[in-house]
Amino acid sequence: GFAKVDHHRAMRQGFPEVIFGQGKTAAQIARIAQAIYAQGAAVLVTRVSPEKAAEVKRLMPQLAHEPEARCLSAPAKQPPPPGKGKVAVVAAGTSDLPVALEAVLTAELMGSKVERVFDVGVSGLHRLLAAADVLRSASCFVVVAGMEGALPSVVAGLVDRPVVAVPTSIGYGAAFGGLAALLGMLNSCAPGLSVVNIDNGFGGGYLAGMIDHLG
Amino acid sequence: GFAKVDHHRAMRQGFPEVIFGQGKTAAQIARIAQAIYAQGAAVLVTRVSPEKAAEVKRLMPQLAHEPEARCLSAPAKQPPPPGKGKVAVVAAGTSDLPVALEAVLTAELMGSKVERVFDVGVSGLHRLLAAADVLRSASCFVVVAGMEGALPSVVAGLVDRPVVAVPTSIGYGAAFGGLAALLGMLNSCAPGLSVVNIDNGFGGGYLAGMIDHLG
Amino acid sequence: GFAKVDHHRAMRQGFPEVIFGQGKTAAQIARIAQAIYAQGAAVLVTRVSPEKAAEVKRLMPQLAHEPEARCLSAPAKQPPPPGKGKVAVVAAGTSDLPVALEAVLTAELMGSKVERVFDVGVSGLHRLLAAADVLRSASCFVVVAGMEGALPSVVAGLVDRPVVAVPTSIGYGAAFGGLAALLGMLNSCAPGLSVVNIDNGFGGGYLAGMIDHLG
Amino acid sequence: GFAKVDHHRAMRQGFPEVIFGQGKTAAQIARIAQAIYAQGAAVLVTRVSPEKAAEVKRLMPQLAHEPEARCLSAPAKQPPPPGKGKVAVVAAGTSDLPVALEAVLTAELMGSKVERVFDVGVSGLHRLLAAADVLRSASCFVVVAGMEGALPSVVAGLVDRPVVAVPTSIGYGAAFGGLAALLGMLNSCAPGLSVVNIDNGFGGGYLAGMIDHLG
Amino acid sequence: GFAKVDHHRAMRQGFPEVIFGQGKTAAQIARIAQAIYAQGAAVLVTRVSPEKAAEVKRLMPQLAHEPEARCLSAPAKQPPPPGKGKVAVVAAGTSDLPVALEAVLTAELMGSKVERVFDVGVSGLHRLLAAADVLRSASCFVVVAGMEGALPSVVAGLVDRPVVAVPTSIGYGAAFGGLAALLGMLNSCAPGLSVVNIDNGFGGGYLAGMIDHLG
Amino acid sequence: GFAKVDHHRAMRQGFPEVIFGQGKTAAQIARIAQAIYAQGAAVLVTRVSPEKAAEVKRLMPQLAHEPEARCLSAPAKQPPPPGKGKVAVVAAGTSDLPVALEAVLTAELMGSKVERVFDVGVSGLHRLLAAADVLRSASCFVVVAGMEGALPSVVAGLVDRPVVAVPTSIGYGAAFGGLAALLGMLNSCAPGLSVVNIDNGFGGGYLAGMIDHLG
Amino acid sequence: GFAKVDHHRAMRQGFPEVIFGQGKTAAQIARIAQAIYAQGAAVLVTRVSPEKAAEVKRLMPQLAHEPEARCLSAPAKQPPPPGKGKVAVVAAGTSDLPVALEAVLTAELMGSKVERVFDVGVSGLHRLLAAADVLRSASCFVVVAGMEGALPSVVAGLVDRPVVAVPTSIGYGAAFGGLAALLGMLNSCAPGLSVVNIDNGFGGGYLAGMIDHLG
Amino acid sequence: GFAKVDHHRAMRQGFPEVIFGQGKTAAQIARIAQAIYAQGAAVLVTRVSPEKAAEVKRLMPQLAHEPEARCLSAPAKQPPPPGKGKVAVVAAGTSDLPVALEAVLTAELMGSKVERVFDVGVSGLHRLLAAADVLRSASCFVVVAGMEGALPSVVAGLVDRPVVAVPTSIGYGAAFGGLAALLGMLNSCAPGLSVVNIDNGFGGGYLAGMIDHLG
């Protein structure tokens, strides 16, 4: 075939290759998804439009579609070991939701419990402070923000757990497709914070899920 | 003469041309400063090293030197009209002080009362919240920050007065000489916030002083 | 709900959250708009296409549509206090009109009187100079320009009131989506000038309206 | 004073504010360091030249100097709790050592055991594979690389633990001061990998130390 | 005519002008292709969509269409001299295939034998190492990769033959349309590696074919 | 010799190769200058520090030094034909003088009459308008400006003769070494305006001198 | 009206405002064109798609459409004075033709004679050298090129007349929408060369036409 | 030791690790050089200042210093096999010589015969054409150029052998440290051309030497 699915990874890393749906045909997606499914591993397809999702589901009805997260997925045959604590996924604006929900879904497929704290951007701090109990109790944070991308800094200043910052391409003008948010997060002076690629909800959720399973 | 001092500006705008000291010799600075001083207008020279400042003072002892602000200045012959309220100059880190103090000095030369709130970066929000009374009482804010530049967003979300954001070139790596802070501030979703050039403490203080004199 | 409307802001800041229409569905927009409207606050939706505007209006007929400004809006139940003076919105070219009109509408919703000075780019200075009376009488300026973005500098050199510069994405080639205009405005040597994000007519109008209400 | 030391942070986060030495005078550094030391907390000063380090030590002899890491430090009065596992700090070239050693020192001050795997760049893979036992046994990785920055991707493909990637400014020409390495790391397709700012050895070591103490 | 086909090139360089199909109409392509074909030289049209390819074929049925490579082609009337060895075209991901196949086709038209090693990205090194025999036996390598673009470095570290690196525009966010891969490849510390433009499969295959015919 | 002086150029183009002094030793400069001088052609060395200029003059006393223009020069043996009109060199700030004077000197060496209009930046338009007679009478304009670089646009809007815009690296922060001025000039909507490289006073003066000799 | 047509310009500058068609409706274009036409001045509309051109022609049949140049135009009522010499428009590739033809049309409307030298890119120098007679006889050159943008440098090295370089957005990958060509042209070491904005055929043709009328 | 010298490389690749001298101390350089020398392999140290070179030579007198190439070197104990043909190193300006000579030295250490063609920039094509015999006879080209970087395109259009393009950081203003030359070379439409990092004379010479030994 045209694709060498990396089955070693499921063994080496506890989770198989994610399928980046954008730019692949429904047929290609279904073929790779089936190969992974046949191994009994969890399947996750990201960045699928509603139309492509419907087409893939016709070819492989075992997959569930979450339109807001733009994902297709199927759990592993064996349920994964549960996480040690709780992952909090925090998002600044309602436009950041698709990326945040991709993170939520990824961490849940890995076996983690996930709390959602959405629409709590820094221009109205009281909204974040109202979620103080989640801030206190989570073992790891995924913080998703576009525009100026300041939210992860503020969260990392309030907690003493790892914060995975996910910049989004939300914004306009000098947001430059997420560059402003990315640079803001990389330059945060709050320690314990690290950054993944723009719009990479999967990457944020995966790292948080991995940290939540350590120890 | 090599320089056409813009005396119209003092009339049109209530404050003469500032002298950007960097890249000018002490003799050039003194010559322009004296021309302004002779009109009875306030003199402000920005970005002067300690050595150059000493040299200029030898040529023109009427100027006062503030080494932390890197400025030389002399008040106008006629004291300017007082401002309507109070300008607050807020700075994120101790490294941002020279820029913040340039803003302080500018607004004071224009006749404004100025409050200083320094070292209150977003990675420890309690420090900013401790200055709640200043946040409540000022008529205009100059907020100075480098690195991720998130402080102006947070301040603008707490107050309902104009916030002039001044990005600084403080930071390293992906700060790119203040670019990260600049982009962060331009992308703020907190309304009432506008931005001046990187390290432009004069520009921030001038606009705040002008707003403080309106009405 | 998916969105935490920031009702505190209407109290803290005299104006509720603006709704950035681009990338939201008509249903989402209507739902947020209704929540704001129910509080009696002014509603403003920016960046809506004619088609989306029609759909939103079907769901919420109280909103008025201004197609040139690409906005939907409804005034606050209580008329806002009038401004102290007059806001001038100045635009360089006819292509900058949508952004300029977004600024006009915002300032008017806040209770300010607004003067329009349109199509007065720097390559034909006589057109700007013909508006000398507006330049003399306004309390605050919003100056909108694309391409080389020189107009705010020229205006700020002629007046002694705050100038809020709004770069637009109009231009081609090395305009780089508004970057050239943005950099030009940030580097202006005319004091009293500050800058908001590319195409952010709302941001410019809001700050001008706020300044016009000070004192 | 000019600096508000964030003592809350030691309580909130188990480690006080690090002191970024570059651009501060020896006197400023000593003053902040003493305030932290007086609380019994660990002291860490990064980016100090040999000359400045000597000066600071004259003012505060309790600090130890590690010239290769360009750091001054003193352990906390109370030894920190030990980590759960072992942090591996991996570096691509000998020029990356100062950044890597800053990470080592940070994690050690936090109480973690640290393994060093240095000079194992991707153009000679056998050198990395020779450290297979460390790759197998560490609980968290800090991977430091300049130039094309490919090493973290390769490591993250071999292990199933978190990899904190630290790009360095080592390189020339189109390395653009670490930008090439930074972009390479952000675009890695190996999951479990996140990135901190260019040359931010402290940030990498801090996050690794924090993860090593979870659970 | 509107186009001066460079027939000298076929003489000077053994291969005529390639026709870059993107942005040309089917009629324009057919006209240029026929002029080349009439000389007896090999014809290669790159970047043609399936629709445009069909249209061109209607006008010039001698051309063969390879949809995966997005190319149309016809061999030279005289078969070219065979290469001295074997060109290996290596690709990181399945999304890089169109670019890789453009390289394959080009080298084959020049008379070279080509080996394909596809889907062997650096996050699963075992897949590349499994192709050790190809790595040992080829005379020249074209290595195609997007995202972080690390594969050419790794290959060049394993072989002692020229490696032509082809960055692709595959990726998202901070991939910036292939910029991250391009910079990564330019900064490789593995000698023997050089780089062509983003997505330039033709350029990679041409240079490899040329090297394979030397001696 | 290490340098092939392009004597053909003096014949082809009426002016020999300029010697870019920066990065060359005094000995290298003198050697190339002497070769040009021996042909009877005009000699122009740009970007020489006072120290290097003194050293070169010791080796070649025929050269005259203009410290403000940072140039060394000697006229051609045969005086060049006079220009048809008059070149105006216009500069925005006093910091732009070295670049402007390099343009002046170049055009004069080519035989053109040159008018200087200096320190007439756009933030005080009355200063430019005071030079109306020069604007009316010159056959070609060189307009030099840093920071936002708006002056050439304004001049080109007032005259109907060619305007050669020279951006300078004067400015700070988001001036990015002349990039802001360069982009501003390229995006000017005033026709008749073209641009040369940042700080390229020679290039501006050369083109103006050439245009002044046409017809 | 929404647009203040700059009729002064026709008087000041011998040619009225050009109408940039992109982003304007057919109705807007027709209205502005009619205002200009009513003055007896030449009309030029650039960047019009075939569809929009047809619509405008329905509203204003006096306009002629040149689809390859993407322009609509009408000559001035009074034929303009003829140029002094001949303008040469030189283009590198067939894809650069629309921009080159926009330059041709502009210069012709101004009364200049124009020679076309097309498809003569630097990778086959013999094609350019074959046009030696045009190179010798023209009074001014417009040189249009995309990709690496080297053609203007080569032309300017062969002639001693002004060369107006027009970078185009033709290219892919690291061409970055014309940036590579633009930078190449700005950095040319051939004197007598200046640059206009990317794809600005009008600007190139206008300046050449203006130079051709001097003297 | 701090450095793992990659002795495998000498075996795998016929040439050991080059030592990048910039940023290393004389002692570090000498230590690595001695380790390589002890294996009997060729030693090459690039980017050494005259002062550092003298210091290294004191520690290791076997090394020869070529100040113009900024290199230290010693031939391998066993002379390498001779190349199949001849490498031509072509350079545009005299300022590009250090980079060009680094390429020359590298290829010579590998056993290749090298021809030098220097100071033949594209603004005076006759200088390059005068070297027609070298262009005809070499088996591989290294073409070094700064500023607009057009020379490799022109060379590649004249020959049918591989051209390795080396951009240099020579230039000013919009050269942006070699970026303009780099982009120009990547966008060349002349096939057979590939690019290495800015100022990477070693990389160019190494690849040319490798190609010259194939077959």
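As written, the chains take the letters A, B, C, D, E, F, G and H, and residue 1 is the first residue of each chain.
As a convention for this text, contacts are C-beta pairs under 8 Å (C-beta built on N, C-alpha and C of every residue); 3 or more make two chains touch, one makes a residue touch a chain.
Bear in mind that the values here come from a model prediction, so they are computed numbers and not experimental data.
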Chains in contact with chain A and also with chain H, listed by label, are D, E
Looking at CA centres, what chain is most distant from chain G?
-> D
In terms of mean CA position, the chain most removed from chain A is F
Mean-CA-position distance for chain D and chain C (Å) | 46
When the centre of a chain is set as the mean of its C-alpha atoms, what distance in Å lies between chain A and chain G?
-> 50
If you average the Cα atoms of chain A and of chain D to get two centres, how far apart are those centres in Å?
-> 26
Give me the residues of chain A that touch two or more other chains.
-> 123-124, 158, 173-175, 179, 182, 186-187, 197-198
Among all the chains shown, which pairs meet the touch rule set out at the top?
-> A-B, A-C, A-D, A-E, B-C, B-D, B-F, C-F, C-G, D-E, D-H, E-G, E-H, F-G, F-H, G-H
What does chain H use to touch chain D in their complex?
-> 2-4, 6, 8-9, 20, 22-24, 28, 167, 169, 177-179, 182, 197-200
Chain G contact footprint on chain F (complex, rising order) | 12-15, 18, 84, 139-140, 158-162, 164, 182, 186-187, 191-198, 202-203, 206-207, 210-211, 214-215
Can you check the complex and tell me which residues of chain B touch chain D?
-> 94-95, 97, 118-120, 123-124, 126-127, 170, 172-175
Of chain E, residues touching chain D in the complex | 93, 121-125, 147-150, 153-154, 156-158, 171, 173-176, 179-181, 183-190
